[in-house]
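One chain, subunit A, links the two complexes that follow: it is found with subunit B in the first and with subunit C in the second.
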Partner chain A sequence: MKIFDYRAANSVAEAIAAAGPGSAFLAAGTEVVPALRDGLLHPDRLIDLLPLGLDGIERRDDGLRLGGLARLSDIASHPEVLASAPALASAIEQSGTAAIRSMGTLAGNLLQQVRCPYYRGAAPCNRRAPGSGCSVARGDQRHAALMPLSFHCAAVHPSDPAVALASLDATIVVEGRAGRRTLSLDQLYPAAGAVLGVPSVLESGDLIIALDLPAGRLPGRYAKIRDRSSFDFALVSAAGGLRLEGGVVVEAALALGGIAWKPWRCRRAEAMLVGRPWSADLVRQAVAAELSGATPLEGTRFKVELAIRAAATVLDPGGPS
Partner chain B sequence: MTIGAPLPRQDAAVKVTGAAQYVGDLEVPGALEGVFVVSAVAAGRIRSIDRADALTVPGVVSIFGPGQLGVTGPIEHWAAGQASMPMTDAEIRYEGQPVALVLATTGIAAREAAARLVVTIDPLPHQSSFAASLDLGIEIKDWAPTSTAVGSVADGLAAAEVTITARYRTADRHHVALEPSAVVARWVDGGIDLWTSTQWVFGVRAAMAQMFSLPPDKVRVRSGYVGGGFGAKGSTWPHEFLAVAASRAVAAPVRIVLPRSQTFTLHGYQPATVQELTLGARNDGTLTAIRHESWNAASVADDYVEHGSLGSRTMYACPNIETRDRIVRLNRPQPTFMRAPHEGPGMVGLEIAMDELADRLDMDPVELRIRNYARHDPTSGKPFSSKALDQCYRLGAERFGWARRSPVPAAWGPGGVRIGMGMASALMSTFRFGASARVTLERDGSTLVETGAHEIGTGVRTILPQIAADALGLPIERVRVSLGDTTLPEAGGTFGSATTLSVGSAVRIAAVKLKERLETLAGEPGLEPREYAEVLALHRLERVSEEGTWAPTREEGAYAMNAYGAVFVEVAVAPHDPVPRVTRCVGAFSVGRIINPRTARSQVIGGMIWGLGQALLEDSRLDPALGRFVAKGFGSYQIPVNADVPAVDAIFADEFDPHASPIGARGVGEIGTIGVGAAVANAVFNATGVRVRDLPIRVESLLQP
Partner chain C sequence: MEVRLTVNGRERGAEIDPRAALLDLLRDQFGLTGAKRGCERGECGACTVLVDGRPTLSCLMLAVASGGRSVTTIEGLAEGDRLHPLQQAFIDHDALQCGFCTPGQILAAVACLAAGRANTDDEVREWMSGNLCRCAAYPQIVAAVRAVAAAR
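For the complex of A and B:
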């Protein structure tokens, strides 16, 4: 671990000003500290964001605003979140452990690096060592993507909350050197085909101030399929819900996790569902169509069926709401 | 009577409060911290090591490369984990092999310098895929025969009305003890003073004496508390030898605490097995033939046989049994014993095959096993020392509610969730070692038990005082215990589930001798414990001490000795989330006399949970292209968490084994892990109709629409 400089930021402006090449923001550090120790991060300077607060959860006219540094456990237990975005609360409750949820922040969760064992385990990996190759292609693929970012990287984004947020049309408020801007979740993560090993498109000095949950969205549910019953990342997960009128789907939202480098909002499946009478078969066909563009690696083929099952859980009008 | 009492763990408080000292905790003035740099490739030759950048790190003292530690390899010794000795030549035999050792005044400096060391290796082609190399399997000479035959399987199959043939697989699995292996080596006065987290101080002493050409009395080895071993700390491994060599080279104490990632390549793992089983039976279930062939992945660093077919030689009455165990030498780290070796993986094949047979015969799986109950060892012909497995089948089935099981797969499904029940037999050969112990009574009535055995979390610190307290008629609070030091009376390693029966017998002999000595001093038999102090005072003695030694006798070799069990498991498989979840688990065990029902229960339920890991999670996947284990930490190597562990219940048959040990006990430690894997697979079949023959059972196998 190399020697680095530590700065506590007293204002957003100060945090942004302190940032530069080789600096990294530090929130609760549940991701940053292990990464320092494992040699995955070599900052010259750590800028501590916790003094900024930015951890409130407030109701606004047009929805809910979650502070970028809000603790995961505070979000999951907040009455407004439980009422209008239970999918998010459930996704958080199924993330990590109680200790991690009590410390970890929302922004930190969205910006966590991939869990790919090659990346984490000092094996050849383009994300860690550009040009060293992606080991997944000839290696262990079980935890890899159905829809890889590019042939440079086949890892999946590990966040559960991000999947729920994608289904809820959340937007991200970012403050940076050029001022304030708003991104969709889809815009936060790199575009398909990218070769960079970065978890997001944010640049040095870009600070996530808040996340906005627009009002009037389907509250939704979250289903996570994992090997362990707890304390495990998803093999596949699904967030979303639907609204029926007279047995016909009039509104649907679906996002899948564990299948790509970003939460996968299923616009195509949603379009297939809306306007048709709900049936389990329709859900199956819609999700299958959504994933028909995938060219799975041999070891990830099973995720298609798994995704269909996870989606069926959240898109079951008879299921618990 | 203290024996048979459910006394709590005597070391519980120091462990949960953090007061217990492990090797990594020792304050060692002047110690240098060592960090290995390991090979990233599975085969090759070291071309060069560039130290320039690493040496600029403040605090770095020395950097050793191959051939610079003054040791030569290989080491051929029964207590060494592998013959091949890294850092004695430029050859890379497996991924993760140490290629350099950095010593620095702090661990941080050593790690930083290790990260900056530039080791250039010319890679060579390697063969590390086990699945692709079965045809390279060979039989070697080992401590147990690798092949056996009684009768003729061909004849047995000709007489069979039903036959089952299938292949079963178990995965590579790592021990992942919570305490990573740690060693503090001090070369002093031409001898060795060593602290190491080992399960066998005397084994380390013997191996060190040979390696460094010293008489054993110039080598002292201590272990302190050991934070789990499970077999990984049962042998002496290269990092221990190399720490000693480094201390000699720099004339300072050297501490090496392996980083978690290196515990995946430096002290063994349970190798993957492939097992081919053929069973022949008559329509009434009587077995006419058993053929069990097993292959395990092994290393070019040394040979290791996972005797996968061992249990099939003994388990069922059958006139025709043939078994064979082969190894496949590959460019992988050296495997070793892991909690419930041999039968642990091996019974997976046999017991799933028995379930398949029961299904084909339309017979209850327990009934099939009772039909073929062995009353003597079918391969050796020897009588069993004691065996209450029939009781286990009955007690376990009752406790579990086996009678409620539907024999038809997928028959029930409340709420769409499929519930299945499965069972399996368990068997593990009993290991017994010679052992000695000293029991000392002080004038103040306190008593000390001393023996070079080890506390690795199994309850030895409770059991041994309990046995002494029982013999002397004292409360256990009056008995202290001193373990894990080669200056104490010699005992075997704490593995093979042998410590209670072996060391416990030695403690009992010593304590009984002590009591007799006191009675002689008093001149009267039937001395009361409260009179001990008086006797000592009368003779102006501060203390009296006796040693006891116990060893298995030749006559007892006329018996076949095993621990047995019957495991019952219930699983639930939900349609939308078909990852199998175990909802109940009951084990009934025949292990001889129970010295302490609380610690015994704790051992077997811990074992059953360990078995759940084998059944559903533990899977060290080796990347055949890179020749390396993919997971090197708890983030990717998964073991069960609390939420995966259902109600686990254990019961013991009422038993006293007169031949296994004078205290009537056999081994308890490992039997609990055996059988669970097969029982879960059998329950999954009962729930879903899907026959899974590979462990761990993955959701992938249960995904057909």
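For the complex of A and C:
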């Protein structure tokens, strides 16, 4: 590990001012410390954000505000979150392990790098070593994307909370050199076709200070399908819910995880559901239509059916609430 | 760099390399070798300690970031000669063989009980899934944790 200059940030302004070429932000360390050891990050300066706090969870008139540095476990056990966003609490409780949830911050979770085995190994990987190639084409495809970022990278975004947040229309409050701005979850991640090694569009000095969950959204559920029943990343996951009136779908929200470089909000499927009488078949058709643009590899084809079934679990009006 | 923190109720200070993990500080400078160096990537749980009451993988926390915090290791759990109920339960239920993972298991169990998430065997398994036991003493570990939960 290369030597670095460690600085504890005393204010948001100080943290932003201290950032620059060769700097990295540090929060809990669950993502950054292994990356330092593996040489994936080699900053000259490490700016510790935990002294900033920014970990409150507060009810506001227009919804719920989660501090960017709120610990995942504190969010999952918060009564307001359990009441208005159970999909998020459930997604967190199915993430990592108790220690990782207790340490890890919300912003750090959203900004984590991919878990593709080739990114963290020595084999060719365009994300780690641009131009070296992508090993997924002839390698292990089980955790690869149905809808890849580009021809150059087939890794998926590994976060569970991000999928729930996408279904809840969360907005991200970013403080940076140019002041404050808000992004949707969709805007946080690169656009399709981008060729880059970074997990988000944020630039040096950008700091996620909070996430806002708007009021009045479907509380939703979270379904995670994985090889092990604990401490594993999703093969496919689904977050969302439905509201019916007289058997007709009047509101629907759905996001899928494990299939793309970002949580995949299923606007097309939602539009197909709303206004029609609910049936299991309708849900299946809607999710299949959403995934009609997928470009599965030999080893990811099974994820189409898996995604349909995961979505059906959260979009079942008779399911557990 | 200098760091000052509280370890098992006692204030301590040390001169450290900014690259050192809290685990390195505990083991190599303070001589507290209960927390074990396992995978060093947050996958095995052998280094689990409590930091401000939170279950923490001490291999993933930089020592320099622990300034001002309160750390509890396995060495700080007993009160004099009286073992912590979980330590006693691990003995009573034969919840270890080689013992390498045991300090991490017990600190993780302390956190599991504190969170009130030891209500069923499955809940204990989920909340302690980050603590691997190569000897596979899992059934006995779950029994020990459940016994302490039931006695509360």
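Assume the second predicted complex is superposed on the first by the 321 of 321 C-alpha atoms of A that agree within 3 Å, B and C clash if a C-alpha of one lies under 4 Å from a C-alpha of the other, contacts with A are read in each partner's own complex, and residues count from 1 in each chain.
The definition used in the following text is that a residue touches a chain if its C-beta (ideal position, glycine included) is under 8 Å from a C-beta of that chain, and two chains touch if they have at least 3 such contacts.
In this text the structure is predicted, and so the values were computed from the model without any measurement.
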{"item": "Which superposed partner A:305 touches (first subunit B, second subunit C, both, neither)", "value": "first"}
{"item": "Which of subunit B and subunit C A:122 touches, first, second, both or neither", "value": "first"}
{"item": "Partner chain in contact with A:231 - subunit B first, subunit C second, else both or neither", "value": "both"}
{"item": "First (subunit B), second (subunit C), both or neither touched by A:48", "value": "second"}
{"item": "First, second, both or neither for A:292, with subunit B first and subunit C second", "value": "neither"}
{"item": "Partner chain(s) touched by A:135 [first = subunit B, second = subunit C, both, neither]", "value": "first"}
{"item": "Shared subunit A surface residues [contacts with subunit B and with subunit C]", "value": "1, 230-231"}
{"item": "Parts of subunit A lying in touch with subunit B, wherever the complex brings them together", "value": "1-2, 39, 115, 117-118, 120-124, 135, 138-140, 142-143, 223, 225-232, 235, 302, 305-306, 309-310, 312-313"}
{"item": "Interfacial residue positions of subunit B with respect to subunit A in the complex", "value": "40, 108, 111-112, 115, 261, 575-579, 581, 616-617, 621, 623, 625-626, 628, 630-633, 635-636, 638, 640-644, 698-700, 703, 705"}
{"item": "Of all residues in subunit A, those that touch subunit C in their complex", "value": "1, 3-6, 8, 26, 28-30, 33-34, 36-37, 46, 48, 50, 71, 73, 77, 96-100, 102-103, 230-231"}
{"item": "Touching residues on subunit C, where the partner in the complex is subunit A", "value": "1, 17-19, 21, 40-42, 45, 48, 54-57, 59-62, 64-65, 67, 108, 111-112, 115, 117, 125-131"}
